[in-house]
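I have a structure here, written as structure tokens, and I will follow up with some questions on it.
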């Protein structure tokens, strides 16, 4: 296979006395859809936070597209192509749906501070382009009808979708989804599965998915890594994971084995 | 909102200010003075609104930056002597730029801090600026800087107030400027959407300091006298209250609040001994009863350009 | 010798700061906001003593230790009540509101107390001489002169600090207080009467401020309605320097600020910048240790 897109080597992070993630190795190639599962508190979100630069690992190495990302701010990582959503939806509450997307689209085509003061021709065409881009994205994900609503006034499912669109607006190479199915009903979950597949194919990107819902994870992931107490206890195809003894033990307790 | 002819409004505002300036010899001197006070308050409140309202950072040191700009511009005018009038706009600009520079130095280390920590550090910087002014002979030290030429008039004040309003509104109503609001709403989400939150905060802080400096210059050439004690943290609190009263992040409301709070003491002259007590009570009741500001009604955020 | 003299002066000033800082830190611990009015409680404590001491003198005679203790206790009790009332009327309605709103309200309360007390019919804005509660005798050790008041300030502070430490660490109320400070919601669910604990915290903090105000006035015996502002600010800085919410940190911060301020006051060029020094230290410390010297930096959960 080609050079990996994202590579975690021996990554460990401690908060005070607690080791949240310990010696984690993980590799993601381009255009792969990987699942990251594990019981509550296993360190999945912490792993996300290290990949996106929110937390800095205590030790170990993370490379993205051949670049060492340790100590790089999340905003710069977004520029390099890492985008994410959050477990507890984090939209910009005082902005409209359209603006939530527009602030993210400007990442690669900034219209600038002085531009917005002078408001010359270049600025106007630039702004128009950003708006068009944002609208197209909203159109694709069936959110255009909400364009002028405040983001936080949308129905729950639409908010989740909007967060994904905002992440896509930064043109990522890697998309991290943190429990996107949380709080969804079965119909919405089916819809989500379809959506994730569609995103991956259309934008040719890799997806790292943290999810509790096994149906979603097993349904779409090509490979799954399992964390427990901050350690990776298994990795493999959905089939392999389903009958992996350590995984069963982690989820159901030792007695079930 | 600024889609069509935003700049045209700016020019209209400036033209009106200049016209008023030519008519001003006919005005009552007292009203003229109060009018200029109002204009300066608008500049201060609208610029602080970018930091405290739109970007959601809590600065309690705006008076400090006003002092920096005021002293610097006044010092230049005094050095220039005769030709001060010709160079007045440049002195104002220099005061603003100097305040912005100090704002940059203050902002870079302190904007890593959040909420009340930031409030205290900015308050501290304001106090340090005051103490430095108190001990610098070149600007009159504790006895203050006297004999500043009276160059501030309605034209300059309201022309610059119009410019301030335009710049802050134009900034916020652009894709770039939506970043300030994003930082206000959720810093972590903003970062992961590619918004460099530190840079945005510093930009807001420096822009705000620049206009505070300009306001300081106008103030200096209006009162013709600067004393370090005039820029203590109570002055900063006053500006913060304007921003809150106006409803953080609503420019029109903040302008209205700046006008109201500047005129209020003039109306309360009759009961001047209770004035400040009433003012303090106003703050408390406002916070308890109307924390979104006096003029906050359930409005949808204005549609963007 | 000069150094030792300054050291003792600094220590006694620093311990007063520490007492005030405790109030800031405790309130911050439970409510996560800066109680700006704390510095005014200090002033009210001093004024309470000012008005109480002639009355107490009638019963106990001038400058009697019993009378002094009585004055301190009464002043502390009055301020404890005022502190709880402020919390009840101004801060309680704002529970759960954004921090900024509460902070501004606190500033409003502080201004209200200051302006009201400055009014001619209340205390007036002119400084008044603080009564001598105790005879200040000077002990001489060679060139070193230690006033008995300085010794008393140090002793009282030390006793109170130990008392507070005991209260917070070893008693049931203290456990509840720490629980509220750690997680208010969880504490409420565990049956901790959160509102009562918060009132209690304000009472204790305000009583400490009153005592600090009296000790401060014994050192600088001219009192006026704005007397609390400067020591209050420095004590607040002390609390932040030590790590706000952290009780030993407040003491450490208080001593650092008191000592540095005293030493800086002795250096000719620097003495004019005394007001700026505390803030300078604060900014430096926050730059290198954003959570303060003893504070633990918290990681925001994402």
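Which chain is which? They are A, B and C, in the order written, and residues in each are numbered from 1.
In this section, contacts are C-beta pairs under 8 Å (C-beta built on N, C-alpha and C of every residue); 3 or more make two chains touch, one makes a residue touch a chain.
Since the model is a prediction, treat every value here as computed from it, not as a measurement.
Among the other chains, A has the CA centre that is most remote from the centre of chain B. With centres taken as mean C-alpha coordinates, the chain found closest to the middle of all protein C-alpha atoms is B.
Distance between chain A and chain B, defined via averaged C-alpha coordinates, is recorded as 41 Å. Between the CA-based centres of chain B and chain C the separation comes to 33 Å, rounded to the whole angstrom. Centroids of chain A and chain C (each the mean of its C-alpha atoms) stand 48 Å apart.
In chain A, 54, 86 are the positions where the chain touches two or more neighbouring chains simultaneously. Residue positions 188 of chain B are each in touch with at least two other chains. Residue positions of chain C touching 2 or more other chains: 302. The touching residues of chain C, when paired with chain B in their complex, are 33-34, 90, 93-94, 97-105, 107-109, 111-112, 114-116, 118-120, 233, 236-237, 240, 272-273, 275-276, 279-280, 282-283, 286-287, 290, 300, 302. Contact residues on chain B toward chain C in their complex (touch as defined above): 58, 109-110, 112-113, 115-117, 119-121, 124-125, 127-128, 130-132, 134-135, 188, 234, 237, 240-241, 244, 273-274, 276-277, 279-284, 287-288, 291. Residues of chain B touching chain A in their complex: 2, 6-7, 167, 170-171, 173-179, 181-182, 184-186, 188-198, 203, 249, 300-301, 303-305. Touching chain B in their complex are the following residues of chain A: 52-54, 73-76, 78-79, 83-84, 86, 90-96, 98-99, 102-107, 110-113, 115-117, 119, 123, 127, 130-131, 148, 150, 166-167, 169-170.
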